[in-house]
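Handing you a structure now.
When the chains are written out, they are named A, B, C and D in that same order, and each has its own residue count from 1.
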Amino acid sequence: MSLDMLYQEIILDHYKNPHHRGLREPYDAQVHHVNPACGDEITLRVHLDRDTVADVSYDAIGCSISQASVSVLGDLVIGKDLDEAMALQEEFLTLMQGHGKVQPDEDRLEDAVAFAGVARFPGRIKCALLGWMAWKDATVQAVARRAATASAAMEEES
Amino acid sequence: MSLDMLYQEIILDHYKNPHHRGLREPYDAQVHHVNPACGDEITLRVHLDRDTVADVSYDAIGCSISQASVSVLGDLVIGKDLDEAMALQEEFLTLMQGHGKVQPDEDRLEDAVAFAGVARFPGRIKCALLGWMAWKDATVQAVARRAATASAAMEEES
Amino acid sequence: MSAGSRATYDVVRVRKDFPILSRRLAGGDQLVYLDSANTSQKPQSVIDAVSEHYQVHNANVARAMHQLGTESSQAFEEARDKVAAFIGAPSRDEVVFTRNATEALNLVANVLGLAQGDLGVRAGDQVVITAMEHHSNIVPWQLLCQRTGATLRWFDFDDDGRLDLSQLDELVTERTKVVSLTWISNMLGTVNPVSQIARRAHEVGALVVVDASQAVPQMPVDVATLGADFVAFTGHKMVGPTGIGVLWGRRELLAQLPPFLGGGEMIETVTLERSTYAPPPARFEAGTPPIAQAVGLGAAIDYLSELGMAAVAAHEREVTAYALARMREVSGLRVLGPTEAVDRGGAVSFELAGIHPHDVAQVLDSRGVAVRAGHHCAKPAHTRLGVQSSTRASFYLYTQPEEVDALIDGLDYTKRYFGGS
Amino acid sequence: MSAGSRATYDVVRVRKDFPILSRRLAGGDQLVYLDSANTSQKPQSVIDAVSEHYQVHNANVARAMHQLGTESSQAFEEARDKVAAFIGAPSRDEVVFTRNATEALNLVANVLGLAQGDLGVRAGDQVVITAMEHHSNIVPWQLLCQRTGATLRWFDFDDDGRLDLSQLDELVTERTKVVSLTWISNMLGTVNPVSQIARRAHEVGALVVVDASQAVPQMPVDVATLGADFVAFTGHKMVGPTGIGVLWGRRELLAQLPPFLGGGEMIETVTLERSTYAPPPARFEAGTPPIAQAVGLGAAIDYLSELGMAAVAAHEREVTAYALARMREVSGLRVLGPTEAVDRGGAVSFELAGIHPHDVAQVLDSRGVAVRAGHHCAKPAHTRLGVQSSTRASFYLYTQPEEVDALIDGLDYTKRYFGGS
């Protein structure tokens, strides 16, 4: 398998000039994920504004694939509706686990389609997913926290 | 390898009519040994009279080889000088561990030479040795106990 | 056995897959291998799978990112998928590779002893086993009880080798934390009513551990409906390699349990001060796993699946029934365990009046017939039946009726050999 | 390397013994396997020994009395003899077979935690390791300390990867119960002065555990003079099978230690109330052991012995020296660990400025060069050096200088690949 199938131009661009990098305020949840196989790490924050993903910020150490992947993630989900963003995460996961046989939808996944080739390199799939799994975890926590706050507020009112 | 090489006539005779069987008084040490591979068990007592093996008695459950072997042991060591008996035990051990290549001395080992063939059946060597190892253990304990008693007596005197 | 499955199960053809079965022994005897409950023989496809792995794909797993590493990791994880599918595990992450069934059982006993909170076994708790367990399902619980101050109790069984279920409600109570029992006894051959016992255990909030070392090789298994929380078995008894066993555990339980051994692969992150641990199954697989052995176990499962476990079970039942029938013809022979092939596996232990099992096995061996003599790692079961040891013949998917005949002939000869002089 | 041994060590001939080395990878690349510290490749003789065991001799050990059982037991115990002779063990009973080095280390840590009397590790005691340990020699001691209330301490190392022995008297004190350290670091390549540290440890009455996972494969080992009380290593790194490891321990210590896992083989007698245990090594080998894997390990030892461990060590030194020299030519490359082939094993970890190790390994892999990227199960050692991960090339008895050249060419290409766009 050729290297260029893995290291698409888009990926190298994101790697060299990552978007949304650096931890920002405000945020509703922060998580820390690790790829135990190699030690790559990410700290990621999610900020929700009602049902919209208002911001995703992160601090990460890792390879080109994991860095580019979280950069692309930010581009894709920031500003999106929560359900829509979750659906995109699902789609990206399906693409990564598809053994290179899933045809990605460029209209929906945009730059993330560049990762289609990664699915053929099993050793790198975890790299590509590191940021996406962290984002999902943080978002689920943020939603849960909001629900808890809301119900606490309701109880106070009642 | 033929069965008859293992089950010598002498062995079958001792098996059917074991000598020295049954636990007797007096005794200086009693041990209980087990062959963990098959669960065969022996309880064996040794009685010393100064430097002579005055009696060996036992209660055992086991196969023809282990039963015959302890019967032969009794014949051989009872009445013998302690050092001589220990030397015979050594010789029997050497015979058993000799992979069938050790030539036994019939003048010394008497009926125990019938076990020469057992050395070629590695699965049965432990059977043949069960009683002999128990006897050695008991004898060592009996000697140690006598030494302890003697030194206690001397201390009392002094 | 239905005519349909009989037509498709061709033991003569099956035997051709096992190179050792055509071996000649000392004196030119044909091997009659009746010791499969001890360990099974291996088909060429399993032997080849292991060799090929070393010759073509060998690399360490998980941590290697190169082509060989990828191939090796895939082969290893594919084996996990195969095991999961074979036993009906709801998730592949519920399959933990161990060295053997013994380690799997010790693993459960240890982590339950170490667990914080509700799952932990502590002083005053009770652990229930049965009197027919293999030592590997006794000693780990004795050690657990010694270490925690819990108490060990057990089901008795009757003279036919059937568990005394009248004790069920009295033995398995609110104080019971764990019930661990064998599905099929390796000594008596009894198939135990696991689901019934599991139901009671779950009523009182106890966990159920099943030793399936003799069951998984012999019959279709579906852990999802069995009622157990943990199931242990071993590769070498199911036409797979030595050096590998399996612990299946419910995902939500495994997720709550602390690690057993520490080291590479089972960690999330390590500092010298403290470490965090990977989710199951990795949490319980410290160090380089038995990689080639997992690949071999995968090939064993392929082999068994192709034969079909229903057909394997039917064949086992048929051979066992034939053996029990023929054994009834041997005077002085007493079967220890169920004497009918009903709820019964393919291991038959017996006594031959006046002849020690060692001597029986030895005479049989001189005729090429390989059986086991001793306590078969089930000393308490022997004690219960008042015998010190026994001879055991055990059958498997390659056993033919002619081999049972050779056993019976050998037993007759044994009686003559020891009786005649 | 002397001219004499050079003349007898023919790496081209050695390579012919390893079928995988002639394998072609995707795209037709020749395999350049530089990941032997992770796992070694296997010669045909080892692969054949395992296959032949299954094809001709397969049976369970110890408990089988038939011909196959006898053959299998002899092959298994002969492997123990070979291991004992290979490492200079005073007695074969000091050799315990485990699954891998990780289990061997966990075994020691566990039984020391369980031991009564003087040997036991208890609250207030101290365990000393080093900052360069493999996770498998860190986590077991962390778990032991958590379970007992003992305290874990460690030696630091300097920027060249050498242990800071100025801490020796202050770290290893009367409170120290165990000192456990690696002989050769799998990450830094450092060879540690085991005897010197062992001397101090024994002065204060501490036990010494040596992780020899990287040492036994690479150089002549004599445990009788090493100064250690326990030594752990693993089969798959010494041209042997996966699924087997070794714990060597001094006989008088093993004899005093309680069992680790419970089950078949490790018992003397079992009742439901209590059990007694066999003497070592059986006491520590519960359940059916890795039989075929022990046979394979025996064949691996035969293979290594025929080459001669002095020759293997000399070859390793020579290749490592060549690699270190060539790496100095690569701008932006920083070796982590000793930069000279003095007191140094054949694993070289390095950083390549600005390029993540995953990406380095990936580009190398696209050219057939297999190296490892990550923390190599030595995260604390990386933390100490302020790096998050590294790339590691590791050499073994089949490595040729041309393969080092392929690595260097690959590194140049990697820099162009990531720097050029």
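Keep in mind that, in the parts below, contacts are C-beta pairs under 8 Å (C-beta built on N, C-alpha and C of every residue); 3 or more make two chains touch, one makes a residue touch a chain.
Treat the numbers as computed from the prediction; the structure is a model and nothing was measured.
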item	value
Touching both chain B and chain C (chains)	D
Chain D and chain A - chains in contact with each	C
Between chain B and chain A, distance of the C-alpha-averaged centres to the nearest whole Å	76
Centroid distance [mean C-alpha coordinates] between chain C and chain A, Å	45
Chain C and chain D, separation of their C-alpha mean positions in angstrom	31
Residues within chain B bordering two or more other chains	37-39, 121, 123-124
Shared interface positions of chain D, touching two or more other chains	26, 63-66, 69, 267, 269, 358, 362, 373-374, 379
Chain D partner contacts - residues on chain B that touch it in the complex	34, 36-39, 121-124
Parts of chain C lying in touch with chain A, wherever the complex brings them together	62-66, 69-70, 73-74, 267-269, 278, 282
Touching residues (chain side chain A, partner chain D) in the complex	1-3, 6-7, 9, 12, 37-41, 61-66, 121, 123-124, 127
Contact footprint of chain D on chain C as seen in their complex	19-20, 23, 25-26, 31, 33, 35, 38-39, 41-42, 44, 46-47, 50-51, 54-60, 63-69, 99-103, 105-106, 114, 129, 131, 134-140, 142-143, 147, 152, 154, 234, 236, 241-245, 259, 261-267, 269-272, 274-275, 286-293, 358, 361-362, 364-365, 368-374, 376-377, 379-380, 383
Residue ranges of chain D in contact with chain A within the complex	26-27, 356-359, 362-363, 366, 373-375, 379, 382, 388-389, 417-418, 421
